[in-house]
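Below, each structure is written out as structure tokens.
After this come two complexes, each holding subunit A, first together with subunit B and then together with subunit C.
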Partner chain A sequence: MSNDTTATDAFPQAEDLSGPLLTVKDLRTTFSTPRGDLTAVDGVSLELGRGETLGIVGESGSGKTVLSRSIMGLLPRSKTTQSGSILFEGTEIVDAPDATLRDIWGAKIAMVFQDPMTSLNPVVRIERQITESLRLHTTMDKAEAKATAISLLGQVGIPSPAERVRAYPFQLSGGMRQRVTIAIALACSPRLLLADEPTTGLDVTVQAQILDLLSSLQAERHMAVILVTHDLGVVATRTDRIAVMYAGHIVEMASTRRLFASMAMPYTQALLKSTPRISDPSHTRLTAIDGRPPDLINPPTGCAFAPRCDYATEQCRIEAPPLRTAPEDPTHLFACWNPLQTGHAGTVTTAKGEL
Partner chain B sequence: MSAESTPLLTVNDLVVSFKKGRQVVQAVAGISFDVFEGETLGLVGESGCGKSTTGRAIVRIEEPTSGEVAVEGRQLTGLGRSELRKARTSIQMIFQDPVSSLNPRRRVKDIVAEPLDIWKTAEGAERDAIVREMLEAVGLDPDVAGERFPREFSGGQCQRISIARALVMKPKVLICDEMVSALDVSVQAQILNLVEDLKAKYGLTLVFIAHDLAVVKNVSDRVAVMYLGRLCEVAPSDDLYALPAHPYTQALLSAVVEPDPEKAASHVALTGEPPSPINPPSGCRFRTRCPKAEERCATEVPELREIAPRHQVACHFPTLRA
Partner chain C sequence: MEPKAVVPSRKRKPLGKVFWISVGWIGLVFLLAIIASWIGLEDPNNGDYALINAGPSWGHPFGTDDLGRDILSRVIYGARVSLIVGFGAMAIGMTLGGTLGMIAAYRRGAVDTLVSAASYVMLAFPALVAVIAIVAFWGHEIWKITIIVGIASTPLVYRVIRAATLSYATREFVTAAKAQGATDTRILTRELLPNVLPTVISYFLIGVATVIILEGALAFLGLSVPAPTASWGNMINESRTYLSDNPWLALFPSLAMFLFLIALNLVGDTLRQSFDVQESKL
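So, the complex of A and B:
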């Protein structure tokens, strides 16, 4: 996780290297829609260390994408209200002026989106799409920027980069395009990379290539990564920590190993059990989660997962459970009145004691 | 193939080619397989391998260039328009995008009843009873759902409506093309379980096309792996996943990520991406990415052959069981 004494020289902003790279406090993002206000991210707090990889997992509508776009400061100002705080290397992102965001975008925080065809400009050559941020954020001249672009394309595994740099996006396959968007994101050596479903549209073999590439580039550059995905398989082996989101809340957060070994939140377990596994025999009955996520315009009182939860009690329907720490692991947070017994001796019983 | 039963669906040397400018793309380049009654055959492969085209060519949404498709011994290929329409009542298709495959301006009960209305199979109270039965079978409340429009339903529910519509004519064969890939995992599990239940209840035979190897394993009795328009390997699911014989199947399986941090991260046995089907490699189409490729692979097309009971592979150098 965040252990950065070795890389101090690389960062100009040496003064706050000891603290977390990113601190999100009680973030609330609300959209006004014709039907009423929709709170897509509802009171999310998290910290991210330098070089750390955080997985944000959730189903559609859980708020994972809105959270990542909020961190980047990408949401439209009109019809969006935000409260809380997002501190990135000491800079406040919430309601930051455009000039501040421009200095951060690409240079310090970069993003890789799900669909490379829509995130790349179709009528501009790859070269200019990579050099754009280099020319803006660095003192490189045109030739230096081009040389850097070619080297970046090589680093992301594009064959014959010197020729490919002249290509347009439509001349590349989906996997190659996603490599290009990664090259663009990495151009200015950002401290934080937000990857929102970076492999979702890609085939399995290409997905594995892209995830391998992200891991190795991250290790080389000591870059923090937030990997947003619906796929528990993708985050299981490629993250240090995982935050599980449901209906705009973080409902469980723990180190990756801890989460899979002793998950406390019934939703996390339900999500895992409904995922078909290649190691299970054919025709294994899946444990589906009945019902569907709540309407965020009229969210239910109490725990948002209660209507679909096998363990729900009267209390769950009345009072929303706060995020609390597991007694035996202070880094493990969960929001549940009736957490799962994790199998280890003496686990989370104190949580039930508060009933 | 098993001798005890005759296949319900037979695909023989199916070829589908498209014209792209002056070039011809062979999306499906001569594949043959049988599906037996009550069986689910999974068809997997990466995008562009021809799996969807195969599904569409079976029901002749895409006209096959050559080859034969037969259901219960009756040829679908070569039938005239009206004959084909009649024959197709026994073979139905479910598509990936549940929302766009439903008419947004019709009520759910009318969407489900449409095949009955067209074929005049049932009218009046009988028709309504069948629609109710189908909606109930797919887990929707007919009183609530029937009067509504597709936009009032989530993706998973729309997929349930599509299934009800497909089943209303009591088909023998159901072709499912990426039917759960647009759904969230929790909903995906609901639909996969539903498909298993309906298959048992109505004695359906399924061709289940998907790119997700874990999903395909879950529902399939046998799995066929496609690469660049050809079949690489066909075997019972558990055998195929436990003992893949074709280097491509092995590579695909090695790339799958499992939700378990104790398992090693997937590694990529393959570099690059599939070559263009416009100008496919000679001989074995996988040879350009295959770690085992030798000279013979460039000159001789490997035929699908049986290496173990019901386990067929198209490779000159398959991994044989110990």
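So, the complex of A and C:
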């Protein structure tokens, strides 16, 4: 069976390959709730190059999922207001009509969802769930689409794909299902893959397999990936750059190497400290960040992290720190009045080893 | 060599004897209603005046009525009316109510508010009174009764299907389908419909049973298909006068209706239970 010709040739790529794939400028996403307006993403700007992997890290409620859904244009229209701009290959996503987005969805940007238990249709064979978007975005006929579906299942490491393609989701394990959702997302060879906590519902060994699979597929296809997670350990070895989010803001962004070598934000450090380490003796108490994320309906004045921060000063509580560049490295951005000194961070030990 | 995939076969609880007996009975009623004209039944509308209000005998297994008409023949011909009205009206109700319910549950917002409000208005009005009024005004040919009862059942079907769709419309696989570029029509027909279908099928059968009772009620008020056409409801209505002299007259059409309805309900209920997806198995 020809393995990867069908899927990758489906979209002959003609347009210019210069410039960033994705440019987000001052994005603000606000939900109107019964209690008032909640700004889940507040003035986020970032750029993503072709084939680049960006990790977005933050606690629950930091706005990382809303940011990824905003980039995809998937948030419900009612009760959501967006400002700023998201340019994907020159197409504006913010407030674009569904018809425009439908040409991008699946074909150019695809998404792997958090929970493979709910993101597959329980009563539809996986064959049709994969071929659906192939039939929609390409000119393939039924037989070609099926052959592609089988080859995709093979690529994501599902044994005997020709038989599995006839299975229903409930006949597969959680890890297998997440592989299927990845196959669905990759069907039309998207330029950008958004993976929103793709391993949260899976056990640790399967997590590593799925993440490694994503990395290898990305390298093969020269596809950009945004990996959303709360786990710094997950992004440490698999991303080119990391953006740390807190209370809807990007509070620190740097290349992965730079971030771990000299993180500037106390929040990033706190996140890192709360990652369990494999080298710790058993029954070590997990370090947690004291306090809770701020109420985004009534955001505090000053730095949003100040109440939970060990280094907070009077200035932090009065004035919100702007995002500024590190003097030694212009690509390292952080928003802090009292940045950590180099060396504070220490090393991180993850399942993948020392970094 | 790859190991052969073990795709587990779907193990279902057997549907049971009662279910298959019920299905058989429904099938038999259907068959008899269809072939009624070819199996040598006596004319259901012209009786033997020499033999009126007779009990069961070899010549007339179910007896004869006040005009000497064969009751067996009338019960079988009467099934036609019940079946046409029952299934026809539910088909109309399901098409209208089901489509609206799915769209309202998927789109939400103004569409949902509007259609749901309309359904509440219809539900708040006693359906039987409305049906009686329209039938009295418009006429009581069988197709008119079917349409009227069908429309009257729409708001109920709407509510059931809307609720069923709602529980799936917010699932992540709908967002996932959207994120792959599927249009709304496609999401409705290919993602949501297969999930709602079990509800549609089981509710359909129970709805048919309800409509057949409604037809009976209309007939009892003299508002179903005009005489001399036999329908189970008409026959029960006509038997009223002779209840003390000839109880057979009321017994057989009532029994036919009772057994048919109970079979429909049993089948509908068993199907609903068997379709009931347990989250733990997903």
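By our rule, the second predicted complex is superposed on the first by the 318 of 355 C-alpha atoms of A that agree within 3 Å, B and C clash if a C-alpha of one lies under 4 Å from a C-alpha of the other, contacts with A are read in each partner's own complex, and residues count from 1 in each chain.
Criterion: a residue touches a chain if its C-beta (ideal position, glycine included) is under 8 Å from a C-beta of that chain, and two chains touch if they have at least 3 such contacts.
Given the structure is predicted, the values throughout are model-derived calculations rather than measurements.
With subunit A as the common reference, the superposed partners subunit B and subunit C fit together side by side. By the document's definition of touching, of the two partners only subunit C reaches A:181; subunit B does not. Once the two complexes are overlaid on the shared chain, A:296 sits clear of subunit B and of subunit C alike. Of the two partner chains placed by superposition, only subunit B is touched by A:209; subunit C is not. Contacts of A:245 after superposition: neither subunit B nor subunit C is touched. Between subunit B and subunit C, the shortest distance over C-alpha atoms in the superposed arrangement works out to 9 Å. Residues 159 of subunit A contact both subunit B in one complex and subunit C in the other. In the complex of the two chains, the subunit C residues touching subunit A come out as 2-5, 7-8, 10, 108-109, 171-173, 175-183, 186, 190-191, 194-195, 277, 281-282. Of all the residues in subunit A, the ones that touch subunit B in their complex are 59-60, 159, 173-176, 203-209, 211-212, 215, 230-234, 236-238, 256-257, 260, 270-272, 274-290, 292. By the touch criterion given at the top, residues 72, 74, 78, 102-107, 110-111, 113-115, 117-124, 128, 132-133, 136-137, 159-160, 163-164, 166-171, 181, 184-185, 187 of subunit A touch subunit C in their complex. Put simply, subunit B touches subunit A in their complex at residues 46-47, 154, 156, 184-190, 192-193, 196, 211-215, 217-221, 236-238, 241, 251-268, 270-273.
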